[in-house]
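So that you can tell them apart, the chains are marked A, B and C in the order they are listed, and the count of residues begins at 1 in each.
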Amino acid sequence: MSRLEELKTRIKEALPGLECVIGWQKGYDPLHNTPLFMRTDADVDKLEWGPLNVHNPAVYLPTFTGKKVGVVVKGCDSRSVVELLQENLINRDNVVIFGMPCTGVIDLSKVKARLAGAGVSAGTVTAVTDDGKTVSVTAGGQTTAMPLAEVRADKCGRCQFPNAVLADAYVGDPIAPAAPAAAADADLAALDAMSVPERMAFWRYHMERCIRCYACRNACPMCVCRDHCIAQSREPHWLTQDDTATEKLMFQVVHALHLAGRCTECGECQRACPMDIPVLALKKHLNRTIRDLFDYQAGVDPQAIPPLLQFKLEEDNIKERSW
Amino acid sequence: MRIGVFICHCGSNIEGTVDTATVAKASLDFPEVVYATDTMYACSEPGQDGIIQAIKDKNLTGVVVASCTPRMHEPTFRRAVERAGLNRYMFEMANIREHVSWIGKDREANTNKSVDLVRIAIEKLRRDAPLSPSKFSINKRVMVIGGGVAGIQAALDCADGGLQVVLVERESSIGGKMAKLDKTFPTVDCSSCILGPKMVDVAQHENITLHAYSEVDAIGGYVGNFQVQVKKKATYVDWTLCTGCGACMEKCPSKKNPDRFNEKIGPCTSINIPFPQAIPKKAVIDPTTCRQFVKGKCGVCAKVCPTGAIKYDMADEIVTEDVGAIVAATGYDLFDISKVTEYGGGRYPDVITGLQYERLLSASGPTGGHIKRPSDGKEPKNVVFIQCVGSRDKSLDRPYCSGFCCMYTAKQAILTKDHIPDSQSYVFYMDIRSPGKMYDEFTRRAMEEYGARYIRGRVAMVYPKDGKMIVRGADTLAGTQVEVEADLVVLAAGAEAAVGAPKLAEKLRISYDKYGFFMESHPKLKPVETNTAGVYLAGSCQGPKDIPQSVGQGSAAAAKVLALFSKDMLESDPQISRVDIKRCVGCGKCIITCPFKAIKEVEFRGQKKAEVIETVCQGCGLCTSTCPQGAIQLSHFTDNQILAEVNALCQS
Amino acid sequence: MPVLTGKELRIVGFLCNWCSYGGADTAGVGRFGQPTDLRIIRVPCSGRIDPLFIAKTLINGADGVLVSGCHPRDCHYAEGNFYARRRLEVLKRFLPILGIDPGRFDYTWVSASEGQRWQKVVTVFTEQIHALGPAPRFDAVSADMLAKAAAGALGQGGNRVAA
């Protein structure tokens, strides 16, 4: 029995006690998998596992408040689950976590770029296969082999959690984390390389492209305010509906600062962005600060208190300026 | 909203550097302002009447006053608008005195800045909502922390006023520093004769519960309902059995321990009652010197105790006292004279503090009231007093005047002559500070009747020579160097904040200054109040004070407590946080961070929600800046109000 | 009324009511002269200051923001300034990635008795902001820089400023 079949069996065993189990299924074309909500054994048979499972299913968990659900997670997804548990947004008794070792997911933008390089449109994909190392995409009648290491998401290149950090049912043997890859943080490095005024120009340019669709927020598993996001409320009225780069940047600042000490860098905000705006860089920068200041990483320990919800009488790494 | 704006001249305090008429005129351009004027003294009776009249004449629904700091007159003006029929929270202040007119002379810039400050006050006011306080019951018990003369006075006045009083004292007896004094200036009354009866009153008062040898461990709650955990330190003597007979002290074989009550110039036994008039008169074992504890065998006191009160296995005990108000009266401690190395305090036995000298003068002291110098027990003939040791000295980070040293030095010079008629006292002083009733006359007597020689100048050094202490200093009036051969040198050690005062302040949530003295609410008008409602100050914990000042403050604090408790219900400040239940996702971040445990989780239609406990919320707003969806808003300081202020400042 | 052109810059202060606002009052009572640029917004506690207020103030064009609260351990609300310290430090380190000079924001602690300290803080901070000059405005980035951004040609100068 393959690992996926074994996983399906475990899910089917648990399903009678659960409202549903969240996972992935084939989407509208072979290149796109989409979320799957398994309520019957037939649903479970649709479950997919592999590099096309880009979505973070943890985002759906808080919507099931009060109901017992299952969720299939990649390592990174599991950190979001941990963070939700830590923040009291889901109840440990009401979630059953299924995990498998993950070798990385693709970055669709990179795959599309490869296809474009080969002269074919991503809209014509007819088949996708992978052997764990290479993804082969057939489009326009020709098959392009892409090493996973080259088309995987940036986060996978530096992933320290290929196995679920928390799981009730884990299928397969845990695998070793990837060695940290410098290139994976190219977005942050690029910003670091800019002068402060250049960074202002950088964001101004990108914010002018922003269509204010809030896909970044809606995909974020930690954006738990949902219908009550302060980006769209009048009480409090943080942002106007003015279509200005300033207001749009302010929204990105709200999102980033609300995630300070909570973001697990699942990258869903940036993946969901239809304009390919590198919004994850803001959160990565904050995470680097949080690590430097508080030696803390979000979504690892369900018992931990996020660093901005606690304090030390004497802070180790904060030095007050003298006047 | 119909807003009226009043720009105060404050005489020339504001008008001198701010063109108030221009500020008033500019205010008329701001949204919803229907009336604006300048006024001579907004806080005066005609000033307030003018505001009230304008509210009625112009149908104002909100008022901005630009004048002094809201920390001064916000309550005044709130009452005024309330008298005119408005809700008192439909009012905002712009601080154009402390923050504008007094800190810069540029009239154009000041006028301009005043307009900005009025503008943000208007923007905040436009988003104010009427608030009404709710009422809560109060526990009419009061705790007094510290059993010195200030604390004793506060406790007795409260108890006489019919309140239940819990008095907590760190030492095994109340009495404080005053109990150690021999006589008091300027009357030369016997200290224990005037303090003793008050101490007995404390012991016998049916309304007073005394926790001696106890310290405040933790404080929770808020005005009207504090919960104080008091640590009763182990005495190793069951005080319900101890009669204070002193048999244990007579037989205790460990007799050579430094006696803290006698400022360590005499010995005491390991089991000890500090002084004959102690209240309560109960023995305490010092486990650091007691042979039973140090060597594991002895047990003499247990054998001789006629009531079997000795309990070597006693442990500290925590008792919780619920009170509605707290008076802090923790007094002071002395500057460590060994820090002034050139005077040799701590190195030479015949260089002592004024308080040690009190013990030598006292009939109940280690020398039975005969002045004998510590080194050889001889009676000194030449006694040198050096003032301002650890006072008025920037180099020691003690720039303040300790206030009472000039007077007690004069008293000690007089007493020295009384005890030893052929003695000569010398007093090195910087200035003589004697501004009390009969005080200056008293220092004159020391000089003129008792022949104390006052030398204006600092002492450079003190060193021993042939059994004498040589005191070398300057006489700045004569412009000469002086050298005095002294038998005994008495240093007027300055007063410092009591050891542990900052820690207690943190527990009480009151401020303290950089020296550790507790901060009063206003230096002139609220000298015994603190910025924490229900916590009052008495005596030297607020700053050095002599006995009459301490007693006066003790009574003042008691009056404040009695006034507070004259009502059966207190009004809570309505500027507290409120939860918008629709927006709350029940994540509990506000519950985790609230410093007062003022937010609880409730179930609402099967969903978790946060709920503010009105009477517990203190209005800090930490929850508001913690809640990502802005579901919990601090009334009167809402996100929208602060954002409106920010926007007003940024768009101009 | 705008800030005095050429003379003043737009500096916004967020001060806790109990310590720093009182300290600024004490400075006033003592007639400790200060630059006139600063406009103070009074809040109950430094813990009330959502870092987003500061971000908003700076993004909307203020030249400087100064936050002051009670000294650690001396918070009127016991703990507010401890939370504030963490959040404000995170913000201070975050600003440069947005393109805002971190020198435009500072936070400090001034007690109600420290009038002279307040005078010093205001004076030093105002001088610091004047040294930086008027803040570059997010809505006034030059066409040249925008073109570079569009071309992905930023960050080539090697003039990296510590993040």
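In the analysis below, a contact is a pair of C-beta atoms (placed from the backbone, for glycine too) under 8 Å apart; a residue touches a chain by one contact, two chains touch by 3 or more.
Since we're looking at a predicted model, the values are computed, not measured.
*Asks:* Looking at A-B and A-C, which one has the bigger number of contacting C-beta pairs?
*Replies:* If we tally the C-beta pairs in contact for A-B and A-C, the bigger total goes to A-C.
*Asks:* Going by the average position of its CA atoms, which chain sits the greatest distance from subunit B?
*Replies:* Checked the centroid distances; the maximum from subunit B is A.
*Asks:* Using mean C-alpha positions as chain centres, tell me how far subunit A is from subunit C in Å, no decimals.
*Replies:* 34
*Asks:* Please report how many Å separate the Cα centroid of subunit A from that of subunit B, as a whole number.
*Replies:* 55
*Asks:* Would you pick out the residues of subunit B that each touch at least 2 other chains?
*Replies:* 593, 626, 639, 643
*Asks:* At least two partner chains per residue is the criterion; list those residues in subunit C.
*Replies:* 51, 56, 60, 73, 79, 83, 87
*Asks:* Which positions in subunit A are in touch with at least two other chains?
*Replies:* 238, 309
*Asks:* Name, in rising order, each residue of subunit B that touches subunit C in their complex.
*Replies:* Counting only subunit B, the residues touching subunit C are 26, 69-72, 95, 97-100, 102-106, 108-110, 112-113, 115-117, 119-120, 502, 505-506, 509, 511-514, 519, 531-532, 575, 593, 595-596, 618-622, 624-626, 634, 637, 639, 642-643, 645-647, 649-652.
*Asks:* Looking at the complex, which residues from subunit C come into contact with subunit B?
*Replies:* 1-4, 7-8, 10, 12, 17-19, 21-22, 24-25, 27-29, 31-36, 39-45, 47-51, 53, 56-57, 60-62, 70, 73-80, 83, 87, 111-114, 119
*Asks:* Once bound in the complex, which stretches of subunit A touch subunit C?
*Replies:* Listed in rising order, the residues are 190-206, 238, 244-246, 249-250, 253-254, 256-257, 260-261, 281-282, 285-286, 289-290, 292-294, 307-309, 311-313, 315, 318, 320-321, 323.
*Asks:* Sort out for me which residues of subunit B touch subunit A in the complex.
*Replies:* Residues in contact with subunit A: 580, 582-583, 585-589, 592-593, 606-608, 626, 628-631, 633, 638-640, 643.
*Asks:* If we count contacts the way the header does, which residues on subunit A are in touch with subunit B in the complex?
*Replies:* 62, 65-66, 87-89, 224-226, 228-230, 233, 235-238, 258, 305, 309-310
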